[in-house]
Amino acid sequence: MELIKDDYKVMLEVFEGPLDLLLYLIKKDEVDIYDIPIGRITDQYMEYLQLMKVLDLNIAGDFLVMSATLMLIKSRMLLPVEERKEMDEEDEEDPRWDLVRQLVEYKKFKDAADHLEDLELHMENVFARESEHVELGAPPEVDLRDASIFDLISSLNEALGRVQEEDLQEIFAEEYTVGQKVTYIIENLKVAKRLSISDIFTGMVSRQEIVCTFLAVLELIKLNRIAAVQDDHFGEIVVEPREPEKTEIESPEEALVVEGELL
Amino acid sequence: MSESTVDVLPELKQIVGALLFAAREPLSIKRMRKAMIETGTGFGGPYEQYAKATDQQIEGAIEALQEDMNNAKLGLGVAKVADAYRLQNDAACGPFVRALLEKNQTMRLSKPALETLAIVAYRQPCLRSEIEEVRGVSVDAVLRKLIDMQLVRVVRRSELPGRPWLFGTTQKFLEHFGINRIEDLPGSGELMRALPVDEKKKDTTDTFPELEKELGNETADAEQDADESTAALDEELQKEEIKDEG
Amino acid sequence: MSESTVDVLPELKQIVGALLFAAREPLSIKRMRKAMIETGTGFGGPYEQYAKATDQQIEGAIEALQEDMNNAKLGLGVAKVADAYRLQNDAACGPFVRALLEKNQTMRLSKPALETLAIVAYRQPCLRSEIEEVRGVSVDAVLRKLIDMQLVRVVRRSELPGRPWLFGTTQKFLEHFGINRIEDLPGSGELMRALPVDEKKKDTTDTFPELEKELGNETADAEQDADESTAALDEELQKEEIKDEG
């Protein structure tokens, strides 16, 4: 599924790992973590992974390890319980059990991390005498606020799903560039102030155009020009311009040329 | 010791208030008692009573101070962090203090950093590999950053093959999040490991020389600690590279 | 401005307490008001009321804080120094604080330094030659030391032939001795020169831009000030050498 010819890399840091993706999919599908429909979740996992590869996101090898694990569990689930027992005498557990345990434990620590975040927020207002707050260096470069990279990919997935199969054929027309779409989004945001991702994709019928537009969104997030905001869990993702900062960022086209040179 | 120009002897509560106010870091009861012993024996006479103050009496004075400050609504109060006490402003007044100190942009930790920190906090002392197992990704870069920030440090080597290093949280971690002790974190009963007996808190009935020695250990140089911790992490990663190549 | 996690709106008294506690130097009413205006307008909504606090209201809150702190016997209180306010521990608790901070040897000024300082304080702005006239000895070294300690600074050039420099005391001088204003020194009516009208205190009904400008002037870099003052003293002495040689 080679949608863009040049090896354009957004190199957006994917902070989330494979467990985050699994938890995301489980939550999105509202399935029971203790009884994961492994076939469905594995398919979705592979779909997202595929998209991340297409987008050339900087994904860690851990994602590939997890996909192998999922495939293994899936194949073992297909075996009748009797055969499973024969194959593996001492282990008659549900093949999903290790993964479930890992996910449940990870979820607990994610909740603990959320609690630490609340404490940190509270402590921003608390000063001890002559003490300094811990210096934590520069603020995060990318403003994804409450939207995760998976939410973004999910919106891309939906947009691609709406495209008719036959339109797939006109891929190599090479009509669109990321640079073009960057300008398009910025111009539109000047008027609209807030745009939902699906609105941005409206009327696009070519997969190449959708992917270029999506990459433009990622690039703008990375350049700190826009922020991706999500009001509710799994709600619509909205992009809005970031408040103007002291350090003026050069025009997006220039920035893209410097980084990519191919655009 | 210099002579005193003081006529009225202060109450224990007042002394504790003055000490907490003047201190630049959270004070343990031990450090307050040390100041009382030194002053009491140094000045002699009616001051000798202060040298005899017990930990329990000092703790009682801190509690009284805490209560009186809260009742008087002064915009500040006594908090217990990292098993020590400090004065701090009421969070409700924080916005004004930030405006005064021109600290409107406070930096926050990223999600991966918070997750890593949570695992280290609950599971300490823990191996890098244990953190990676829970998070399912490499934590090398984020662990290094947390060490740089002095929120995480190496504790000691484990007894496992290759003697890998064990990591734990620092005093600064407790201060940053305003936590008294790890056990106060929610769900700690479930997520924490049982501590070996020898790491449990000792009761405090130390003599003055014991006090001094202990306090000396307490004030180990945190920066040097961070350098050591980074070196330990480097060592771990190097070992891994060698293993991968071989 | 970052969002607030605060639910209950604090009283003016609590805000003042928190500001004094967190400040690194004595705070003027102006600076407190500036923090309130910034927070009030920055946060908006119910916070806007704070932007409207008058100097009188803030002063009232300080007085209430002062009284409540004294009544609660906390070992600390509000003091007025150099026309600004700061928290400080009760003098009666000083010996304990010194023991804690291991400041058993308080920095004491020598007799010549104190005499020189007294002359500068009462007679400011004054010439080096005036100080020497009163003391009957050269004050070059001691004046240099006082400038280094940031207790004395150059004020401006005089209109006399050769335009020699005039010296005065600093904010730090007031802080060090815990004096609110020079006029509070004993016998000042007798020893002081009449101040020119324009150096007298102005009444305070400034707008926010005026406030900001004034505070900007207030926070002139003290260290640079000391360097400038030393340079001025050097210049004086050089002129003298030339005169002596000539």
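Letters A, B and C mark the chains as written, and numbering starts fresh at 1 in each.
Going forward, contacts are C-beta pairs under 8 Å (C-beta built on N, C-alpha and C of every residue); 3 or more make two chains touch, one makes a residue touch a chain.
Computed from a predicted structure; not experimentally measured.
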Which chain lies at the heart of the structure, taking centres as C-alpha averages?
B
Ranked by contacting C-beta pairs, which pair of chains comes out on top?
B-C
Report back the single chain whose CA centre is most distant from the CA centre of chain A.
C
Once you find the CA centre of chain A and the CA centre of chain B, what distance in Å lies between them?
37
Please work out the Cα centroid separation of chain A and chain C, and write it as a whole number of Å.
56
For chain B, which residues are shared contacts with two or more other chains?
21, 23, 87, 89, 91-95, 97-98, 101, 105-106
Per-residue overlap in chain A, given as positions that touch at least 2 other chains:
121-122, 124-125, 127, 129-130
Enumerate the contact residues on chain A facing chain B in the complex.
15-19, 60, 62, 66, 102, 105-106, 108-117, 119-131, 133-140
How about chain B: which of its residues touch chain A in the complex?
21, 23-26, 79, 86-89, 91-95, 97-98, 101, 103, 105-112, 114-115, 117-119, 121-122, 133-138, 145, 149-151, 172, 175-179, 185-187, 190-191
Residue ranges of chain B touching chain C (in the complex, touch as defined):
1-2, 4-11, 13-19, 21-23, 27, 31-32, 34-36, 38-39, 42-43, 47, 50, 65, 68-69, 71-76, 87, 89-101, 104-106
Mind listing the chain C positions that touch chain A in their complex?
2, 4-6, 18, 21-22, 24
Mind listing the chain A positions that touch chain C in their complex?
121-122, 124-125, 127, 129-130
